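After this come two complexes, each holding chain A, first together with chain B and then together with chain C.
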Partner chain A sequence: MKKSKIFASREKLAGILFALPMLLYAGVFLIAPVVLSLFFSFTKWNMRSTPAWVGIDNYVNLLTDSVKYPYFWHSLKVTLTYSLLAVPMTIISGLVLALIINSIRKEKLEGFFKVAFYLPVITSSVAVAAIWKWVYDPMYGLLNTFLEAIGLKGFNWLGDSKIALFAVAILAAWGCGGTMLIYLAGLKGIPDQLYESAKIDGASSFRQFFGITLPMLKPTTFFLVVTTTIGSFQVFDIVYVLYGAGGGSYGGPDNSLLTFTMYIYNHAFRYEQMGVACAMSFILFIIILILTIVQFKFLPQRYD
Partner chain B sequence: MKNFIFVLMILFLSLMMFGKTTITFWGYETVDFSQKEIMANLVDKFQSENNDIKVNVVYLPKSDFEIKLKTAAAVSELPDVSYIDQPLLPLFAKDGLLLNITEYVEKDNLDLSNYIKGPLDTCIYKGEYYGLPISQTSVAMIYNRDLIAEPPKTWDELLEISKEIYIPGEVSAFEYLEGDGWGAWIIPAFVHSAGGEMVVDGKAVFNSQAGVDALNLMKELKKYSEKEVLDSANAFETGHIGMIVNGPWMLSSYRNNWPDLNFGIALIPMKEKYATNLGGEDIVIYSDSENKEASWKFIKFLTNEENAADMAMVMGNFPTRIEAANDPRFNKDPEMSMFMEQMKYSFARPTAINWLKINDEIIGKAIGEVLSNEKTPQEALDDAVEAANELLKEE
Partner chain C sequence: MKNRKRLIIKFIAILVLSVLTIVMVGPFAWMISTSLKKSSDVFTEIPTLLPRDKKTGEIYINFKNYLNVFKYSGIGKAFLNTIIVTFSATVLNLLINSMAAFSFACTKWPARKKIFALLLSTMMVPFYTILIPMLFITKSLHLYNSLLGLIIPMGGSVYNLFLMKQFFGNIPVDLFEAAKIDGIGWFGLYRKIALPLSKPVLTVVGVTTFIWHWNSYTWPLVVINDPTNYTLQLQLSLLVSSSGGRYSLMMAAATVAVFPILIVFIIFQKYLIKGITLTGLKE
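On to the complex of A and B.
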């Protein structure tokens, strides 16, 4: 009796010890900053002076004062539009790539394509930006050269405020390797018998895809839609490296790429309004929370 | 006996250490090694002139410098002395982080008239001095000699030449200012040139005729310049742009990476008078410093007649003292000396708490609205001035 008790408590201790590094990490680098920034969001703080308590002023001003924060709603709109473009594009291209890889029956070849398609995900965003700046270059870019070769007119992809957002969303879809891997796992999990019986029943591969593959991937798709949406609401690095370098303006042409997180960054580190920046991040948190709840409520999560 | 000498030596050394004041100085990581050598020589010279002071130089990357200073300020870990980007000085001074050096200046009878006025003015907050200017830089016009034989001197000539050299889809005349932070940063040069001001006595006044003229000029220039060409990578270096407005930091890249580029430097064309923007750094002492006297000696030393030119070399910028500007390293170089010439007509940026926000979100927006024909220059600037004054009220 006693022995087992000691054993249990030792086991507990070991468990805590094992979890400790991660707990400490999360506590110091995740939970503490969140709590602190909630506090700072109710203050006026430039990182130098002592924070002055202003109550809910930051929140009210952000939402209502269009002189002080002329781009608040604009940046929200940019982020929303970006998500509406990037999320479907990422998910569809991830699924297509996964289907292609899944249809390869040679193991080595499959491995090669997996790596090839996943490579953009682990490439540093600075390198990605450098590559795509060349692809999108209005005079000598790969894309425009191609378009002109087939008789179409090229665009100023990254410089035209009307299409820059779309061009960056394509770039996000290009980095769909993560989505592809998860879809691939989902595809491998679909039992072969389903396809076999469908074949016996004479279903075309088209029917098989819509009748078996897509419905069986519902949980995967749901997971991906939720996580990709959250990710695209926080899009930052690619916009920062594409438009941030040189000049000191981070919003792209006519601020058409001033995303919400970019706006937060500007306030935190450029305009010296850390309190406002913290308030903005909490507004973003609430928006994402609501969006996720809505998705959980209205999107199909399982196969029925 | 041996032991006795040893103990004596230790005692002597520790006494020496005790008697020495150590000041910590934060500077930018230099671009190349020769600059670090010049800095080390300066520090050696200072220490041999002042036996009781030891200087500890810490180099930090320039790109992180500002954030590093702000975080250090948040936890009271600031050094004794550091560079500071000009527009940050009033912000730091307002929060009481900087030492007011006015009385030191008066006590030592430091002749401030030896400093160039533009940079010196950036050290003033509420009429008092909070630092000394240590480096300055400005923008001038860089043009392609293969496209332009004689650079334009006036706005009229600028438009004339633009018309001449413009080839649709091939050559854009001028990198006109767009509605972004960079455009908003450069536009004051044109407003000043037309005889206007950005801010007077804490009130935004750039909706004057001068402001309208500056925006109209950009609108005109846009006719002879295509964004598709301007946005292409290295468009100026490859001969697709006739004229740009940019700073001396571009020179080493042009010289080293684009040997075929035949470029020249000229003053920014003027309407009523030559004008440009001023950038650069000041050197400051923090009010928490325990070695204020030693720090004062050090910043006085770095900016004195003898060392100001060396210091400018360390920073890759221009000196802030009138005599130092005659150093051959600056005035013998044909391109560098043109920037020096341009700097004589420089105006400091307005020093307001919210200036960067006004720059990006209000002035930048106005330029964008005019170029996209959403508003006339007068409408856009009237709206901008109203919004800017709202933000300028905040102290």
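On to the complex of A and C.
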């Protein structure tokens, strides 16, 4: 009895002490930066100077002044186009892989393919950029050699402004192993009885797919579309390694790869306009917030 | 008849998967193959997977690119830096997240639910929104351009905290009660009961954090500007943008950067794949 009383009084203290390191960390490196970012977005600031208050000028100028910020809308368009290419490619390849793997019904083989297809996901984006720069090489790269061998014409994949964005989106689809795993889990969750009764009714496998599999995977698909879109709106590493590092042109051929995050980076670290960069980063936050709210609103809370 | 049809479908599925394996794994094989070639044998009309001398047609293995990469590009130091940063950050992460998870799941104190909700809400904020103030704070704490600046600002993760809290919350209360009767303190409960029972979640979180830190690029890019503090990814990106067409060198460096993660992944793949499916589905 006594002991448990001591416990209760000590519980508060112990609880707070155990949480303290994380609370300190989160306060300094997660919560304070959000507040500061919002504050800096209303200032003119280069990280060394004292921030000078400019009100909503940064936002207004970004949205309306096409002379000062000629690439703001362009970079949004690039990011949107990239997402429209990368998201469907990633989701569809992930689904197709999951469907084929699920159809073999052999655990050992399944494990092997899962590991093989997941490899690109655990590879760093810098290494992915390095490997594909070589595969995409216009003269001796594997891809063009292969295309020429089967009688097609090769492309200057990363250097031609018309297809560079597409070529980079392919790298995102190469990492569809994560999507595949989540789809596989979704497929395993579909009760077998549904297929059995469909078979008794004489439904073809085509009908089974569109009548059972796809509708049952709807929550999974919705979740994946939103999270993949949020991810692709923040694409940076690969684009920066391919086009920005080492004093490159920073936006790819004809700025066709000047994504929103690249534009933030340019303003922050090339032009030293930290205030403007913070305003842009808050616009990014709002876009992603809307996507998150959409997800919470339309996704059924429990589906596992 | 039906069995035969099913067998054919299975055969086609495995065939298709094998072709896809080439697409997914092929670039890695090509990376390793190129890294073992002499630079004179890299550019060929017909690509060869095994390093083959252009003139004599002999098949060989040559580690010179690796030697050169270690000798001239500073990748050895970068490798060491990466190991230091990755290990320290992972340990720090496991420590402060598991402590906080224990606090939120197993103890009661005022306002803990509100604080936890506040922490969870930070997951919605994109990294690029807080990047600049984070750098500013890191500079103010005199951590700029140091390995500590890569470790401490990345020392916690709300996502990991969330996973661990879920797990700790499922430990039967009876276990704690029994230990309390035995006169064990709160630290004992954390150290002797919560932690040992949570090995699966600690492994998943530990390995994913390890891989994440090893591969991390944007944060080191803005925090480090002195080449002696470069991480592997920074060093590799420098080679990618500056080595022109010397692909054999670039691929050797890429192999060095990818190989340790490959080993970690193959050892822990079962845990990882389970973890990803779980967390992915439950958000």
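Methods note: the second predicted complex is superposed on the first by the 260 of 304 C-alpha atoms of A that agree within 3 Å, B and C clash if a C-alpha of one lies under 4 Å from a C-alpha of the other, contacts with A are read in each partner's own complex, and residues count from 1 in each chain.
Note that a residue touches a chain if its C-beta (ideal position, glycine included) is under 8 Å from a C-beta of that chain, and two chains touch if they have at least 3 such contacts.
Just so you know, these numbers come straight off a predicted model, no measurement behind them.
Undergrad: For A:214, decide between first (touching chain B), second (touching chain C), both and neither.
TA: Neither partner.
Undergrad: After the superposition on A, what does A:269 contact: first (chain B), second (chain C), both or neither?
TA: both
Undergrad: According to the stated criteria, A:158 is in contact with first (chain B), second (chain C), both, or neither; which is it?
TA: In the superposition, A:158 contacts chain B only.
Undergrad: First (chain B), second (chain C), both or neither: which does A:140 touch?
TA: In the superposed model, A:140 contacts both chain B and chain C.
Undergrad: If you stack the two complexes on chain A, which partner ends up touching A:71: first (chain B), second (chain C), both, or neither?
TA: In the superposed model, A:71 contacts chain B only, not chain C.
Undergrad: Taking the superposition as given, does A:40 touch the first partner, chain B, the second, chain C, both, or neither?
TA: second
Undergrad: In the superposed arrangement, which partner chain does A:103 touch: chain B (first), chain C (second), both, or neither?
TA: A:103 sits against chain C, while chain B stays out of touch.
Undergrad: What's your read, chain B or chain C touching more residues of chain A?
TA: Greater contact footprint in residues on chain A: C.
Undergrad: Which partner does A:84 reach: the first (chain B), the second (chain C), both, or neither?
TA: neither
Undergrad: Where on chain A do the contacts from chain B and from chain C line up?
TA: 47, 133-134, 137, 139-140, 246, 248, 269
Undergrad: Write out the stretch or stretches of chain A touching chain B in their complex.
TA: It comes out as residues 46-49, 67-68, 70-71, 133-134, 137-140, 154, 156, 158-160, 246-251, 253-255, 266, 269-272.
Undergrad: How about chain A: which of its residues touch chain C in the complex?
TA: The contact residues of chain A facing chain C are 3-4, 7, 10-12, 14-19, 21-23, 25-26, 28-34, 36-37, 40, 47, 97, 100-101, 103-105, 109, 113-120, 122-127, 129-135, 137, 139-140, 142, 145, 174, 177-178, 181-182, 184-186, 220, 223, 230, 233-234, 236-237, 240-242, 245-246, 248, 261, 264, 268-269, 274, 277-278, 281-282, 284-285, 288-289, 292, 304.
Undergrad: In the complex of these two chains, what residues of chain C are touching chain A?
TA: Spelled out, the residues of chain C in touch with chain A are 9-10, 13-14, 16-17, 20-21, 24-28, 30-31, 34, 42-47, 95-97, 99-100, 102-104, 107-110, 112, 115, 118-119, 122, 124-137, 139, 153, 155-156, 158, 161, 180-181, 183, 186-187, 190, 211, 214-215, 217-218, 221-222, 233, 236-242, 245, 247, 250-251, 253-254, 257-258, 261-262, 265-266, 269, 273, 276-277, 280-283.
Undergrad: Tell me, which parts of chain B touch chain A in their complex?
TA: Spelled out, the residues of chain B in touch with chain A are 66-67, 70-71, 73-74, 91-92, 95, 97, 178-185, 227-233, 235, 240, 353-354, 356-357, 360-362, 364-365, 368, 372, 387, 390-391.
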